[in-house]
Each structure stands twice: as C-alpha cells, then as structure tokens.
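Per-chain numbering from 1; labels A, B, C and D assigned in written order.
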Amino acid sequence: MKNAYIPISVRVKKIWVESDDKTLRTFDLEFVNEADAFDYMPGQFCQLSIPGKGEAPFGIASSPTEKGFLRFTVNRVRVVTSALHHLEEEETIGIRGPFGNYYPVEKFRGQNVVIVSGGFALTTLRSLAVYLCDPANRGDYGGITLIYGARRPGLMIYRDELEEWEKKDDINVHLTIDEQVEGWNKLVGFVPAIIKEIAPSSKDSWVMVCGPLIMIKYTLPVLTELGFPPEHIYTSLERRMKCGIGKCGRCNIGSKYVCFDGPVFSFAELEEIPEKI
Amino acid sequence: MDKLVEKIKDIFADEKLELLIGYTKGTLPLRATPILIESADDAGKLIFDFTCQNNLARYLVDEKKRGGDRRRVGIIAKGCDARAVVQLVLEGQFERENVVIIGVPCRGVVDPGKLRKKLAGREIVNFQVNGEKITLFGNGFELELKRSELLSDSCLACRYPNAVQYNYFIGEPAEPLGVRDGYASVDEFEQKSPDERWAYFEKEYSKCIRCYACRNACPMCYCEECFVDCSTPQWIGKGNDLSDTIIFHIVRVLHTAGRCVDCGACAAACPLNIDIRMLGKRVEKEVTERFGFTAGLDFETQPAMAAFNENDKEEFIM
Amino acid sequence: MKDFEPKIMTFLCNWCSYAGADLAGVSRIQYPPNTRVIRVPCSGRVDPLFILKCLQDGYDGVLVSGCHPGDCHYISGNYVARRKFAILKTALEFMGMEPGRVQFSWVSAGEGEKFSQVISKVTEGVKILGPARKLVKSMDSLESPHD
Amino acid sequence: MEMDTYKLQKGNLERFLQKLGEKFVVHAPVESDGVVAFSELMPGQESALYFPRTHKPPKDVFYPQTEVMFHYEKDITHSAEYKGKPIALFGARPCDAKSFVLLERVFIDPKYEDPYWAARRNNALVFSLACNDPLPSCFCNWLDGGPFSNTGSDVLVTDIGDAYLFEPISENGESFLSSVDMLKKATKKDIEKAQNAKERAELSMGEPPKLDSLKVSLDALWDDPLWDKVSSKCLGCAACTYSCPTCYCFDIQDESRRGKGVRIRLWDSCMFPLFTKEGSGHNPRPTRKYRLRQRFMHKFSYFVEKQGEFGCVGCGRCVSFCPVNIDIRNFIIGVFQTAQGKGGEQ
C-alpha cells in the first residue's frame, strides 16, 4: 500500500485573484510527473502541502472531465493559506489525495439536480456542475439548476464562467447578491428567499447545498417546505483536519469522520448524529 | 466536619450564593475532589481535610470564562487558594464583591504525586491517621509513614496556612508547619555547579509529556491562548523535544513570576512527578527579595511584574 | 575553539541603543562583526521568549540594550524591562545557563563609544564560553539519512 | 494446534532477553528516576517487571509521541518509516497488549494503512506479563479483559514465584519459544500454579458491572446535564489521553530550518481546544463539556460503532493520574444511574 502521508509534487500552472477583496485566489495545478496523476470525483478534497508551513484541506474545484489541471480556490486565513497566496506560477508544492466521498452522482442519475451555494463554497459544486454538464454525462441527468449567492458581486467566485453558463440552456443559473448595488441586473436577496421564489420542484429532484452554516440553517426549512426529503438533500462539511484518512481523530461528527466517511453527507444521515454540524 | 457543612449552609443563605466551590470525597484513598454546588442542599457533600489538595481558585477563572463572573461565588480557601483569589481579583479576573472567600485552616495537604512515588507503583485501598503517623493499607501490604512525607513540598515551606484575606473563616487558624525554611531546597540546590544544575533540569523536563496538567491546574494560567498553542507565530514545537519542553517550562515560570502563590498545584498535577516547583520557587524568592513583593496578600499592592521602582537594583546590567 | 566566531543576537531599542550603534558606525568606531541586530521600539518590547528562542535557534549569545533609566521614550518601558530581565537572568542562571550568554545594557544615542565597548565585551565573553550547547534545539532530525 | 507451555527460571531471564535481542530490539519497562516506562533494554540493564503498571503506556513503542514522517529538501521528500530490527515488547500487561489490537484497527484499515505504525508493529513479538496482583484502580475485567487475558499477546508470561511460565498464544510466539534451548517444558504442577494465580487475581477484582447497554445509554444521554456535572471540574489537560494506551489522536506539524525540514506527527488530545479549532476561529467543540463528551463518547460509543469494541482497556492510568480525580469508572456507573433514572421518569 502506498504511503498516503507523502505529498505528490504539483506545479502551479496558473493563479488568479478571485475576489475583489483579494482574499480568494484560484490555483490551477498540474502534476510534475504525469504518472502521479489520480482520478477523482466531484466533492472530494485534497491536502495541499507547503514544506515548512504544513498542510490544509481544500475541495477540488475542477471536474474530472476537465483534463490537465486540478483547480483549487483558497481563502487566505492563516499559515498555510497565506503561504499559498504567496505562491507564484511555476512553483511546485505538494498534494495528497483525493480524499473522502463525493456527491452521489450515481444515486440521482436520470433525475433533476438543484445546486445551492453561497460565498466561496461553490468550489466542489462547480466541479459537480461541470461534471454533470459534460457532454458525456449530460444525457444521464434531468434538469440542472444552480442557485448561487454572494454578499456582493465582487465576492462571487468563477463569475466569468457563471455568466457563460447563464447563456447555456443545459443549466439554469440564478445568481443573487445580498443587497442591490449599481450595475447589478440579476437577483437580489438571501439564498433561502431566492430558493423560495424560484421554487424548484422536488419531484424526482435532489439538492446539493454547500455554503456558510447560517445559509444552510435557513435553507433547510425552505427545501423541506418545497417537499425535498432529507434523503435527497446533501451537503459537504468542513472540519479541522490533519491526516485526511480517518486516523488522526479530530474531524469527527459523532462516529463519522468528515475526511473519511464524508465530507458529503445527506441530511438524513446527519439527523442520525447527535453532534451538531 | 458537620460544623463546616452547617456554616456553609448559613453562608449560602446569608450571602445569597449561586455557586460554591469546595471539596468532596474522591474515589481514591487520600484524594478529595473538587465539587461545584449550586444549592445549600448539596452542602452535605462538602469536606475539608488534608486530602483537599487542588487549588480551587482556578475554577473562578472557569466561572468567568463561562460568563458567570456576575454570579456570587463562594470558595473554600486554604491559605494558598485565598492568595490565588486575591491575585486574580488584583489582576481584574474576578470582581471582589462577587467572590466570598471562606477561609479554612490548613495543616498541609497530600501531594498525590508524592504518594504515588512512595508506593512505587502499588496502590492503597485505605489509610489510617494516628497523630503524625499515617498507615497505608494495600492489597497485601502495609506502609507506615510520617504525615510530612506525604505533604506537598509547598506545604512544608508554607508561610500562610490560613487565608490572609477572607469573608469568613471557619475553625481555628493553623500554625505554619515550618518543617523546612521556605527557600532551603532552593539554596541547597544552588550549591551545585551550573552544569549539574542544568543536567538536573534536563533530566526532570525530559520526563515531560506536554500534557499541560501543570499549566491547567494553575489558577494563574488563564490566558485565552497560551503561547505554546499560538500558531501565528508558532513559538515552539509541540512535540516532546527537550529544548521545546524546557522553554515551555521556563516561560511558564516567567509568566507566573510575581503571581505564583506556591500552592504546589502544578507539581501535584504532574502525572510523572517532575520537579516543577524548583524553578518557580527560585523565581519567587527573587521576586520577594528583589522587589519586596509577595503575591496574594492584599488587594492593593501592584503585582511585581506589572510595576517598577526607579531604584530597582540593576547590578546585572553591563 | 580559537577560531570560534560566535553568533550574537542584539535587540536594540529604536530611540537610544540603535542610535548609539548608528553613531558608532558613522564615527567609524571598530567593534566585532559577530552581532545581528533587531531594532525594537523599546527594550520593554523584548519578550524573554525572544531571548530563549534565539538561544534555541543556536545563537551563542543575546544582548538586549535600551535607554538609560529615566530616558525611556515611553517613560517607563525600560523600567519594566529591567524587572523582566532580572527574573529571566535569575531563572536561566539558576538552571545552569552561563551568565555571559544573555546580557543587558543601557546605551544612549550619544554613546557610540560605549556601544562598541559593550559589543566587544559581550563577544569576548561569549568567545570564552564557546559555542552554546544548553537549550539549543537539535536539528539532527532534519538531516535525512538519505543524504 | 495444541502448543506447549515453557518454563524459565527467573535467574535465566537476562540470558533469555539476550537471546531475544539477537533477533529483536527488546523494549521492556525500565525505571529511570522514578518513572517507569518502556524503552529499549540495553545490555545489562535491568527491566522493571516488578512494577505493576508503567507510568506511560507502551503504545509509544509502536507509535512514538513525536515521530518524523518524512524529510524534505526543496521538492525532494524521503519517507522515514522505521527500518530497524523487528521489535519485541517484553512485560506489557494484558490491558496494554489488548490496546495494540484496538490501535491496529485504527491504523490499519482496508482503505488506508499507516506505514509508520506498520513498520514498527509488523513482525513484532509481544510478551505480556500476567497480573498476579491487579491494582485497586484496574478495571480490565469490565471491558472483556482480565489480569491473565492474552488478547494482543504472542506469548503470555506468568510469574509463578521462582520461575516464569511462557504460554505461546500466536504461532510467531510459539516458533520463537521453541527455538530457545534454555526454556524447559512446564510441568503440570507449574501450570497448576499459574492457574491458581489466575483464579486468585480474577477473584480479587470482584464482579464487574455489565457494560452491554453502555453505548445505548450514552447515546441517549447526549444532551443530559450529566456532561455539565462531569466536566465542571475538568482542567482540560491531557494527563488522561496521553497516559491512555488506546488514545491515538495525532497532529501533523512541519519543522524546518534553512530549506531543510521534516514533517512530524505528534500525539494530540481531544481535551485541548486547539484540537478542533478551525482557521476561521470557529470551534465546533468550544468548551470542556464538549471536549470531555467527545473523549467519553469516542471510547464508549463511536469506537464501538466503528471498530466493534470499546476503545478502553481498563488500565486505570487515567483514574490514577487525573489531577482532579475524574474517575472513568464512576463516570460509567453514573451513566447507568442517570439512564435508569430517566427510564424511571418516563
């Protein structure tokens, strides 16, 4: 068995600033040795490793259908994320993964998917959207709806891409900001209110939701009201992690390790666990 | 004992206490355990004797962190507990009017670490006190010791066995044990060569497993974030590297300089019986002699390390 | 040992000792080149932990220098520092650390000559003591056995 | 397969350990300055087999408190798994031996194997020493263990006065024992002596409470005020978790200087606030109540769910070391009482 603690070398192919407050940067990484390349699924995460600084977990934002790069969007918080923000193109760092489970794409084959996201939590859901919309997969799924909110336009990640998607007819994109600003001609309002407004049908439909806890808290009752059963609502959880492989013992919620049994859980599963998310 | 319970019941009512921090019988022989009671009805569980080792003042800090420093809290206080309470009040950690100090006379408390050392791995099921002698009973063995052999080193050198500041005092004030002159152990140790001393500390601290029981048992260690836990910057390594460990112990002593009441809680909490007290005691001596300050005696004097005197000695400056 | 050139960390207060060092420089006063300087706003800014950290990282000596008593730019920073240093020195020497490893001085902005003397004295003292051993963090584990 | 029991005169123990040392690095309890812990037994060094329960559990033989995972210099990494001789652990008590079985389930699972644990644990031989005199704080018999339990042992060693009996438990144990000339076959009388010691020891521990319903009771008490009560005196130190033979949580850290560095792993404790504190400052377990609940739930509920057994071997170290006398046995009894009280109310 391979040593899962040893990072693989990846080169930074491209970096760009994602938000107007410069706290978010997106990185496209490529394997230094093509032989190290791994397969992954939307919803999985990796540990990015900077020698001397440490590691931190990030959801993979690229889709397995996109070849030649791995994409991550990093919010600058503390030691490792700051070091990542100081990287330049062509530098190499380490990566471990992919870890955890993924959005249940097999379960909702042939059905509709509503993707709900807020802030910079869009990362793995972008992966999912791209995966589902890939020509090879698109025929396997029904309607795909994306509802995405940010505090203001400048904090909306992957904005150019989202605007491209708005023009496509294989995905319904609804973008919203908290309060109206000049030049914004899309939706205004918090994500739960927007969902209520759009009222996606719960018939043969699944929801993948990821965002700030407060957004999830107010989104759930709306989804329940619309008739989505907890078995059909999934979210991706975050916890402080170290090993990524269910051994270091810190990321558990009840008996489930977020890194190993998650990070993707249905609310039906979460209801079984007394420990709060 | 009934007297203590009755008195506490009265105080509970008179002072309208919402919480009382005291001791109750523990699950092991010679070990009392802290108890927090919220009603006078539970006062019957309270005890005070020579097995009541923990410094209860550290629970005032917990109470404050729970946002409860507005509650009226009573605390059973040996001399050292009371001094720690005074020091906490002085440092703005707890409101004086919200803490009711209930002094009890202390004739020294058992150091669980010393007890473990004496038993060399065995455990007892019972004990019997005969004046200054204590007989320990285990499965298949008996051990007779002098009481002083089990008492904390801090108690043996204690100058303040009774609360200096208090609201109530239950019982007759105790005399200091005076078994050892306060700084005798430190002075003796200082006779050794520097290399011997360094080797001693290396040997002691190399036992450390970084469980931080010493830090957490200390009523004065209340920082929101201890420097060892800080990650930006990360001051020292978190493993059991000897150099990192020694720095932890030095800085712990520096941070409690002029605040330490020498209650011995740190040493007693150590699962590996590390001599944690030695360095702290030397620093306490320096604070007393150099700055004329003794922690926890009154509510007015500025703590030594938060104050200065223009005429402080400076013979060590080049 | 004769060729031993110690590495010494100096923390100099911005208002006096750093200016004193500057004066020594512009006055072309010679002093040993063994020191690395960290400029701090006040000697009171120097946490004893900084000093321990230097020793752990392999500095052979540490010097903290500030304004003379009464001259502190912040009125009393150096008085508070004096108490902290007294305690640190007591603790370290009690543990068995060589007294010459950690030193303190007052050097004013006008004392370029004194600054050079202090540095010479500290350097000479540390040279006699030899390389630091106590408290130095072993970095053996950093050496890969594969090298 | 019926395996023979062997006998070694106590006077020959040193020679036996020398023999063991030819093939293995021998770790045994050693006393150093009042602390008894497992460490590599140097030639001529005396092992502290008389000591009932070592201060530190032997888990650090296979899982050191601080361990280099790999070295790096720029982009080059070198893994640093243990590459020494196989390890023989001599004199672990049955509770500690059982802890290896529990730890193994964590470190080695079908999906991920921990190479650092495996490098030390694989090919290791565990000689556990039966407890003729269990301590008052021992409670292995509550947890499917016992003073003569052989779970996790390759050889069970029993002190029968003037000699040790060596009962092979695994084939590795048997194959080593059968290769050692100085061991004699035990007589029926010797085996009887060991049997008597076993009965005496088991009897001395009394009748254990039944813990079959502990997990269910605990799960039902998730929001019970019990947790406030138990945690109110907790200091939040790691004396319990670091002295626990089955606690395995770890942290991963980098240390570097001038371009060279190591990634190390080190024991961590669920009792520390930093254990779960996230970069944003949010902490899902903000107070000692949450953290203490995690420790007990992990041992008596989550571990059962994940690994099919309690994550506690009843060694009693936490009972002895807790600075404020939080007694895990009392806690367990308290859970049953509270659960029963609740049942009565309904």
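Here, a residue touches a chain if its C-beta (ideal position, glycine included) is under 8 Å from a C-beta of that chain, and two chains touch if they have at least 3 such contacts.
All values reported here derive from a predicted model rather than from experimental measurement.
S.K.: Measuring centre to centre, with centres taken as mean CA positions, what chain is farthest from chain C?
M.R.: A
S.K.: Applying the document's contact definition, name the chain pair with more C-beta pairs in contact, A-B or B-C.
M.R.: B-C
S.K.: In whole angstrom, how far does the Cα centroid of chain C sit from the Cα centroid of chain D?
M.R.: 47
S.K.: Could you tell me the distance, in whole angstrom, between the mean C-alpha positions of chain A and chain B?
M.R.: Roughly 50 Å, centre to centre.
S.K.: Starting from the mean Cα coordinates of chain B and chain C, work out the distance between those two points in Å.
M.R.: Computed value for the inter-centroid distance: 35 Å.
S.K.: What is the distance, in whole Å, between the centres of chain B and chain D, each centre taken as the mean of its C-alpha atoms?
M.R.: 31
S.K.: Would you mind listing the residues of chain D that make contact with two or more other chains?
M.R.: Residues 251, 253, 255-256, 261, 264.
S.K.: Which residues does chain A have that touch at least 2 chains other than itself?
M.R.: Counting only residues that touch two or more other chains, chain A contributes 78.
S.K.: What positions in chain C touch 2 or more of the other chains?
M.R.: Not one residue in chain C touches at least two other chains.
S.K.: So in the complex, the part of chain D that touches chain A is made up of which residues?
M.R.: On the chain D side, the touching residues are 69-70, 72, 74-75, 77, 79, 81, 106-107, 109, 111-116, 219, 222-223, 248-254, 256, 261, 263, 265, 268, 270, 275-280, 284, 294, 297-298, 301-302, 305-306.
S.K.: What part of chain D is in contact with chain B in the complex they form?
M.R.: Residue positions touching the partner: 33-36, 50-53, 55-56, 65-66, 133, 135-137, 204, 232-233, 235-239, 241-243, 251, 253, 255, 264, 266, 269, 272-274, 287-288, 319-321, 323-327, 329-330.
S.K.: Within their complex, state which residues of chain B touch chain C.
M.R.: Residues 186, 190, 193-201, 227, 235-237, 241, 243-244, 246-247, 250-251, 253-254, 257-258, 279, 282-283, 286-287, 290-291, 304-305, 307-310, 312-314, 316-318.
S.K.: In the complex, go through chain C and note every residue touching chain B.
M.R.: 48-49, 52-53, 56, 69-70, 76, 79-80, 82-98, 103-106, 118, 121-122, 134-138
S.K.: Quick check: in the complex, which residue numbers of chain B touch chain D?
M.R.: 26-28, 31-36, 54, 58-59, 62, 66, 112, 116-117, 120-125, 138-140, 203, 207, 209-213, 215-217, 229, 231, 237-241, 265, 268-269, 271-273
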